[in-house]
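Report on the following structure.
The first chain written gets the first letter, and so on, giving A, B, C and D; residue counts start at 1 in each chain.
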């Protein structure tokens, strides 16, 4: 269940993790992309952090909406619209429910509407999908997330920039999957699901 | 990494400032954005606004093509990163003179998504916004297996032709139909002699040995389709022309426009030598080359190499549109 | 050395061919030479012919400035080597429309001697040939101790202004007087981030460590006046602007034209950032910058770096001449 | 005394030497110049060689004139006009005399008229001058030439491209002096002076 407190904590932990792993995420994006995923996410989460600390929002929908707007207006690239749309859809639904599973499902639906990708195309969807299933079954743990991220390694990309290298995308973890992994591990750490 | 810059995270902001301060009679910055728009008063002679943009690092693209007869506005994203929807939306608003705005988007998932979000925002203002996604890079397979072909140097032909028709007064339906007709006739392929170094990253996206080249790299350092030993210019020309010939199903007597585009660090001298070889090969095919252009138009920061764009001129009017004078910095 | 070329000894020949084949409506090759001349029929509207040239490797200089309102013809020497008198002589003959020919020579012993020999040859044909030697590079001491200051990027201001007056019908005496008045007001200084590799040599003329730059290098890789650690753009701008300020005895209220010139391998993005810093410094001096230009105009093959040219506009008419449209490839 | 035979032999030996030392001459031109002196001379002498072998000239003045014209029209740079003018002046005088000393003196006068340099400015003049003195005294040998070339090492250049580096030109042999050294050693080898 999302609360103002645990949502803020979650986003703060996510920001910290992204800043810490910025270079690693860009490294993942180098052999199969253009090497900017860490910089993109770092710029976006920094803006989220600043907006949330100056605005002191008092309800979940506005926290999620602020997050969405910052990601949309500061990230750019592919990850900006995808993460931004996910948070925007979550923000919309959060005035109706604060349950984690339906909120994440709404976020994923937004990602798919925006990017037209399916499971198995080696994108962040390959982390969001199993994570949501686990949340629904009340079984999400770090191992599930880790497994989902690692599973992108053996996939061949058919969406996003990694698709340009075709078969040679196999053998590399998808950078967006890795950053989504951090999103969900920090969600666990913040006690949002429990 | 050796670059003339200050804080790498501010490089786009400072670049845009340097640009508009250098050409104050031609360009101005749209307040609060890193988008630039031409100075001429749009309301004087209302036309369909033509807006393009994308990641920075491809200069003079896109801002260098803003001007009378080409783009109305250009949006500069972070280095190699699509601009955000709010910035594109501001550019659309500024470029709208009541006759709608046409977006020229290069086919990258990021660009497509950000421009579409901007389009959605503008639709709420009742601005008629339409768009084309340019995908001229034949180095990658088409969309069955990939995100689809990338938009690269051939995009400037789209800027030029749509810009010319828009200036002449064409309405947005006509511009849209034209864009759909022009774009499939533009095909490009490149060869890199070195990788590009993104300022915030500090290392080249890929490294090539001193005697190695790579065919088919993208303009963001996306890997290409083959690495091999450096060949002389004639051999490079044969590889690229053959690929383009096949993609165009080129036959004798057809008419074409050709751009040899420097990727950033390759001197004009080498580009002219390369064009000389390309023209020999095209002459041998007995096709007519009606329009040619050589220079750094769609660069990839400090990457060395060239791309070759060949456009089939299936409509006689297109050539005149390519030749029409414009007031841009870079065409 | 990684270059797109065929036989290095043929590179200038192939470059000139590629050039004239790429711009057949603007340029043609003077038969039997590596000189190019503008297409427009000179005899139609006779004007003083303006001819320049020098070693190749500085593209788009000089051929890129041939066109209506700028140069009548340009002579392309071997890489970094002055053209020979016979070629210059042919260009003079071709550029003469009965009103004399004015030569714009960059101050290098080779260029000066070869152009003078050509002048002697043309004098025998009773062509009135006059000339100016451009020496804008303030990095080297003046002629008490040296061959005199070198001619570098500021030369294109001379091309532009003389070309504009010649088009307007000025006679050769007026052009000569103007050249003598304009040239001392143009000053340039450069900074290199890497050396240039001459195709026939195969190795850079000098090597800089990954964190080193060199101030004051010439456009043929002539050594500069100081090597130091790479600084940020603002610091580079301070060094170059200070030197030029002093050389110009710059005082508040004076009017200037400024070129940031890329030396070949430096992306436009960096050049705009650098111009942004230069304009900040000039604004702090309370001088008026009436004209600005950023790009690769006088390159040194694949050298990385920039030069900064500042011209004092002591005559109000000069600005208009700089702004007049021309039909060249590169201005 | 110049004859058709020894003049042709001289120029052929000079050509061979220049082709052999092409890279060395360009190397000398690198620290204090622009690294092209070897290429320039090589291009020029190759043209001289081709012209002389196809034309089969039968008198000294026309051999010297052909040489001059080839150097002027093929070399460019500083060395083209200088060597070209030298041979042109020699050609002019050779219809009057075939004595070596006055011919070389005429060549040197041409070089000085063209380049406005004096002895001691670290140019080829610093080889031509002592060589001519030695020829006049009938004392020219390899050592004289070698000494003259080496002496340019300690000079500071005040003419030509090397002057731009000021004091830093000291310590390097002047490339034009070196190529003139070859001109005179091959002249000795061809038996022109004896």
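In the analysis below, a residue touches a chain if its C-beta (ideal position, glycine included) is under 8 Å from a C-beta of that chain, and two chains touch if they have at least 3 such contacts.
Every value quoted in this text rests on a predicted model; they were computed, and no experiment measured them.
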Shortest chain-hopping distance from subunit B out to subunit D: 2
Given subunit B and subunit C, the chains that contact each of them: none
CA centroid of subunit C to CA centroid of subunit D, Å: 31
Length of the line joining the C-alpha centres of subunit A and subunit C, rounded to whole Å: 53
Between subunit A and subunit D, centroid-to-centroid distance (C-alpha), Å: 74
Multi-partner residues of subunit C (each touching 2 or more other chains): 79
Multi-partner residues of subunit A (each touching 2 or more other chains): none
Chain contact topology (line, ring, star, complete or other): line
Those chain pairs that satisfy the touch definition: A-B, B-C, C-D
Touch list for subunit B against partner subunit C, complex: 2-6, 11, 14-19, 21-23, 56-57, 59-60, 64, 79, 193-194, 210-211, 213, 230, 232-234, 236, 260, 264-277, 279, 292-294, 296, 299, 301-302, 304-306
Complex contact set, residues of subunit B against subunit A: 9, 55, 77-87, 108-110, 113-114, 116-117, 140-141, 145-147, 150, 198, 200-201, 205-206, 218, 220-223
Complex contact set, residues of subunit A against subunit B: 26, 30-36, 39-40, 43, 72-82, 85, 114-115, 158-161, 163-166, 168
